[in-house]
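The first chain written gets the first letter, and so on, giving A, B, C, D, E and F; residue counts start at 1 in each chain.
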Amino acid sequence: MNSGDIAWVMTSTALVLLMVPGVGLFYAGMVRKKNVVSMITLSIISMIIACVVWVVYGYSLSFSGDVSGFMGNLDRAFLRGVDISSGEPIPEMLFMLYQMMFAGVTLAIITSAMAERVRVSSFIFFGVLWLTFIYIPFAHWLWGNGWLSKMGALDFAGGMVVHVSSGFGALALAFLLGKRYGYGEHSIEPHSIPLTLIGLAMLWFGWFGFNGGSALQANDIAVNAIVVTFIASCFAGLTWMAVSWIKGKPGSLGIASGVIAGLASITPAAGFVDVAGAVVIGVISGILCFIALDLRIKRGIDESLDAWAIHGVGGAFGSIALGVFANPSISGYAGLMYGNANLLVSQIIAVIATITYAFAVTFVLAKITNMIIPMRVSIEEEYVGLDISQHGEVGYA
Amino acid sequence: MNSGDIAWVMTSTALVLLMVPGVGLFYAGMVRKKNVVSMITLSIISMIIACVVWVVYGYSLSFSGDVSGFMGNLDRAFLRGVDISSGEPIPEMLFMLYQMMFAGVTLAIITSAMAERVRVSSFIFFGVLWLTFIYIPFAHWLWGNGWLSKMGALDFAGGMVVHVSSGFGALALAFLLGKRYGYGEHSIEPHSIPLTLIGLAMLWFGWFGFNGGSALQANDIAVNAIVVTFIASCFAGLTWMAVSWIKGKPGSLGIASGVIAGLASITPAAGFVDVAGAVVIGVISGILCFIALDLRIKRGIDESLDAWAIHGVGGAFGSIALGVFANPSISGYAGLMYGNANLLVSQIIAVIATITYAFAVTFVLAKITNMIIPMRVSIEEEYVGLDISQHGEVGYA
Amino acid sequence: MNSGDIAWVMTSTALVLLMVPGVGLFYAGMVRKKNVVSMITLSIISMIIACVVWVVYGYSLSFSGDVSGFMGNLDRAFLRGVDISSGEPIPEMLFMLYQMMFAGVTLAIITSAMAERVRVSSFIFFGVLWLTFIYIPFAHWLWGNGWLSKMGALDFAGGMVVHVSSGFGALALAFLLGKRYGYGEHSIEPHSIPLTLIGLAMLWFGWFGFNGGSALQANDIAVNAIVVTFIASCFAGLTWMAVSWIKGKPGSLGIASGVIAGLASITPAAGFVDVAGAVVIGVISGILCFIALDLRIKRGIDESLDAWAIHGVGGAFGSIALGVFANPSISGYAGLMYGNANLLVSQIIAVIATITYAFAVTFVLAKITNMIIPMRVSIEEEYVGLDISQHGEVGYA
Amino acid sequence: MKMVIAIIRPEKFEAVEDALAEKGYLGMTVTEVKGRGEQKGIKLQYRGTSIEVDLLPKMKLEIIVDDGHVDEVIKTICENARTGKYGDGRIFVVPVEKSVRIRTGEITE
Amino acid sequence: MKMVIAIIRPEKFEAVEDALAEKGYLGMTVTEVKGRGEQKGIKLQYRGTSIEVDLLPKMKLEIIVDDGHVDEVIKTICENARTGKYGDGRIFVVPVEKSVRIRTGEITE
Amino acid sequence: MKMVIAIIRPEKFEAVEDALAEKGYLGMTVTEVKGRGEQKGIKLQYRGTSIEVDLLPKMKLEIIVDDGHVDEVIKTICENARTGKYGDGRIFVVPVEKSVRIRTGEITE
């Protein structure tokens, strides 16, 4: 083992952690003042839940062994046998922690669809279920030697594991939970764009660790990952800006959404595509996610902070796009453009499988949760705001 | 020397620096609008003072030689002879800088007890004294081959040097300075919880460098440190949330306090305990610091931002707990659980010594400061707020 | 190649990226509420433009080959031939990305002079011109084997390339664009000092990557760079605080300005001077930039957020100072203090050349831009604020 | 002249604003306020106990109109601000003795 | 009916609010304002010079009550908002001609 | 006594404040408000279309003075708040029946 690799993955772990409050702040700026605390706190709680689940059984079920392609076993429950000094290429204990952060971020992303209306106790219950029955299987399927990875599907840093799962999960939740009281009748304005842009800063910054760290080494793949990640994000931001400009003004939230769309889209592909691929993925994701967001609004679906349109659609698109653009000179995987159709087929199957599973199972889990602890707060609590009603706090005095 | 180790400690140094404004923002969100600038600025000034003191004599007195176990000598004053390319395992110059950040953070933490009432000139004077007569000795005692370390006491990343010193120092200051005008009579509400949570994000993130960097190498100990650090913080956050829920609602400030309590508690132990130890330390610290905070409020002590309850109590608890849970398979040190009572004894002695010294000497230094430049501003200045009265600025226009 | 070096430069790249929103937030806090979104967005757009320009031709024109000392060639346009696994000491692709961030930050800094009055479409047009005709040549002259570097001029991390260019460019822009409506008649107050201090935190933190990463290795030079960088920033902050205290109160914005002045001043020198040099550079820069800022205000020049006084003057001063203080034991370059006058002469020539070029060419480029898309918005748009008029958004609801 | 002071729900502000504009009442001054009504705000239930949130955000509109227009303004506001639930707010009418347009100095008594 | 407008210290707001509630005066509208009094605010001394902070944060309460209750409201506010130091604030009484409850449309003149 | 309510441009506030102080009118209460005037705010032109920004930030000053001083206060405000362009604002005068100084309890009718 190599101190440079360890240094890089430790740094990346910290960077991914920063994305958790990053998501919270990004979202919090876009809700009303009365829910600002709630929105950030949901992210923090996501991380805390993810940590506990991960330590107790999550890591083990994701990465230890394999039970018929679907899940791992419980051999490493309570991190039994996870070592601090052995592992390839980094100590397994570090790998475990790095992966834990991903679980936390993913759960934070899905809070988009619960914004300004979820009961916190119910969210905790749901969060545990969701990690157990969606995140952990996905991590196993694609990264833990589960059926999708055996089939040949690739997901460099979480296009499906993180973004499809949370994005399409959020869509299911939006249908189930219904609109915020008054949505569509009166305008619900972002209460603090600077807060959202502080969140964006943390996300953009943290994504270096998210995608770069997924190489698990400080090597050429990591370098490629951060380069294509950053380039895709800028081209997507530019595209979104351009598209929105045609229709009106280039808003900061649009540019920010474009940047995130580019980041989500390149995530599955970052270790496989080259700069040209990144540019194309960036540009298309800027257009595609814009359209998705527009569609969602026109359909009157209150998937409030657009985890679906940005993470879901972006992650799904990027997962397929890597089947087209994967350049064998990067990591040895060739996409359609390099004459190999198999990868594209695997990717399409994987995307369809993860979308379907994420949507359907999230729906079911939310139904179950609703039967035990109703997910929505009462109308009065929603009116007063979750900060007071759920946390007994006031965001700004 | 090894570029991976250097990379990691340079990164860690930056991370610890970020904790300085992190403390400032964390605190600033919890004071009233009229003191927001003051609160952040006190942290920035802390770092600046610490840098000057460190360069001139602080580093030398802490880490150069040893004068009867109490302090170092002045051989490295003005960083004479501190080299950029030699040192074990990292260049001494980098070690010096990394350590400098700790001094800055520690002084920032203690501003808790001066919130909304300290004269800035007096704080600077006091800060220099405090670093000289408390921080530097502590760093020497535990890390510079001073009497406590000779006795066998351990402090991985500053449970006593940083947290006990500032926490119990803050308590002494709170007694000496007295309550804020109106404290206990009318409510003094946090003016911006989002600001506090931005601070939390910086602290949580930065703590990877704080504890992980303390290994001074990108090795198994560093990996262990960040893993147990993070796990303890989540379990403590969870515990605090649970405990506060029983009494009312799970506020974001409570969860945040729990996270910090976990971080402070695991700090001395991060290089010595395993995951199981971290879970136990996390859970207990969540309860213990909650009780301490509650007690402080009930006693009507205006240690305004709870450096004592969280850092002081947490750091002291963690320093003792490592004497129980230290697992010899991590760094070779065995605690009570592994059949060695000696470590626990040393730890208890060290905690008692540092608590007593920190409390008493802070009190004396503040008394002395008070005689030269009164630490509290006038009642009018306090009423108008420190932003205007000390800095001539208004936080929000 | 070495994983430790790669890890460090990847980390540094992320750190420099964070400085982009850092500049935006730092600036945004100092403008009025109605322009907060605009100010942050200008920084984000700067990064996006820089990325596109860099990928298409910027990197190539800066670092590929040399055409009569003035510019590079187009051999690496579209990053043709830029490799992820070869390069000295780090993969060229990583070097490319790291350098890209510098272009983004530099363009962000210059937005100071356009604050609260620039048309966003015009800024984009201008930005492309400015990067092409000023930033890229400067990068080539000093870092890409262009005429200044051939002459022997040194610029470790961008004293001239980044700070002189943007600082003196901003001054030219301020003359050309004119004052904000009402400037000098009624007070224009910073709307959120906490926002500015969050920006400061990101800048201070990010600068470790800015200067430390410029060593391109995790070695003694990198260590020296971060040590002198940090020390200079603290001494400059202290000096500014002291100087402003004599005239009134020590404001947080003053201390922050001092810190940035120190950082900008040490930037060109960070790999060449020792701690003593850093202290002197820090102290002088604190005084010098304070005077420059004072002068600008007295002259009634609305270079709104003081890129000139701080970055321009600081960067120019530091570039000359390194000719005096360069200590041969660091990187082999000797300044006047070590008996070599040549370096000082080269530095002075380089500073004069870059100041003149940056000022004059910025002026011309802005004139050209003005003819195509007027840079200033209409008086009504300025009155209403750029957030609404340029972005269709409201910062705080 | 009268000053019509209306305290309404923030989420109804747009509707009221538009309705007034349509009827030609453009001039108005708006303040963000908090209000407590006769029900002492909203009661939230928690495991046995209940807490009251008594100060809720409201929008205050101040509209100066000639005496003859007061009723129409009141009607327009009422129609557009009403939800029928507690907390819809109040309208108060206060006499105005003099009105000055700063730009021109023109005075209406 | 009258509108009692009270400008008080923010730190006294809770006490005033509670005291009014106790006496049955629940309805009120609250605004964060800044105020300058006849002492031109607070003087701070600095090495020879002194600066004045003239605009200080205050809370404005607007309470509509029937004529007969005005004095009690004033008394309650005074008792609970007083510190005896400069800056305690003022109470003004303004006539109200009409009051409408938006929820019901009911009008009181 | 009267309450002079002036709604002015925020950027003119300092000038008005100073001018009033000079003439001896120190007491005042200030609120940040938004206002729409008879021009429906400011029109911004964009490629063919145009948008209107109708609510613009204003400062509201409330100044209680004896009847005899009303005109001087109005004049002072007008002179210092005027730019001559749309949006300069309005001044309204409302009767005040009673004024109480909380610190002393002293009542002026």
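Here, contacts are C-beta pairs under 8 Å (C-beta built on N, C-alpha and C of every residue); 3 or more make two chains touch, one makes a residue touch a chain.
Everything quoted here is computed from the prediction, not taken from an experiment.
**Q** Can you list every chain in contact with both subunit A and subunit E?
**A** Chains touching both subunit A and subunit E: B, D.
**Q** Per the centroid of Cα atoms for each chain, what is the distance between subunit C and subunit D, given in Å?
**A** One centre to the other, that is 50 Å.
**Q** Distance from the CA centroid of subunit B to that of subunit E, rounded to the nearest Å?
**A** 44
**Q** Please compute the C-alpha centroid of subunit B, do the same for subunit C, then give the distance between them in whole Å.
**A** 34
**Q** Where the CA atoms of subunit D average out and where those of subunit F average out, how many Å apart are those spots?
**A** 19
**Q** Show the residues in subunit C shared as contacts by 2 or more other chains, in ascending order.
**A** Each of 2-5, 7-8, 11, 192, 198, 218, 249, 392 in subunit C touches at least two other chains.
**Q** Can you pull out the residues of subunit D that are in contact with at least two other chains?
**A** Counting only residues that touch two or more other chains, subunit D contributes 31, 94-95.
**Q** State which pairs of chains touch, listing all of them.
**A** Chains touch in the following pairs: A-B, A-C, A-D, B-C, B-E, C-F, D-E, D-F, E-F.
**Q** Which residues of subunit D touch subunit E once you look at their complex with the stated criterion?
**A** 2, 6-8, 31-40, 54-55, 58, 60, 70, 74, 77-78, 81-95
**Q** Give the list of subunit C residues in touch with subunit A in this complex.
**A** Subunit C residues touching subunit A: 2-8, 10-11, 13-14, 17-18, 21-22, 24-25, 28, 36-37, 40-41, 44-45, 47-48, 51-52, 55, 78-79, 82, 84-85, 91, 93-94, 96-97, 100, 120, 192, 195, 198, 202, 218, 387, 390-397.
**Q** For the complex, give me every residue of subunit D touching subunit F.
**A** Touch list, subunit D to subunit F: 1, 3, 17, 21, 26-31, 64, 94-103, 105.
**Q** Mind listing the subunit A positions that touch subunit C in their complex?
**A** Listed in rising order, the residues are 2-5, 7-8, 11, 15, 32-33, 189-194, 197-198, 200-201, 204-205, 208-209, 212, 217-224, 226-227, 230-231, 234-235, 237-238, 241, 248-253, 255-256, 259, 275-276, 279, 330.
**Q** Going by the contact rule at the top, pick out the subunit B residues touching subunit E in the complex.
**A** Residues 34, 182, 185-187, 378, 380-381, 383-384, 388-389, 392 of subunit B touch subunit E in their complex.
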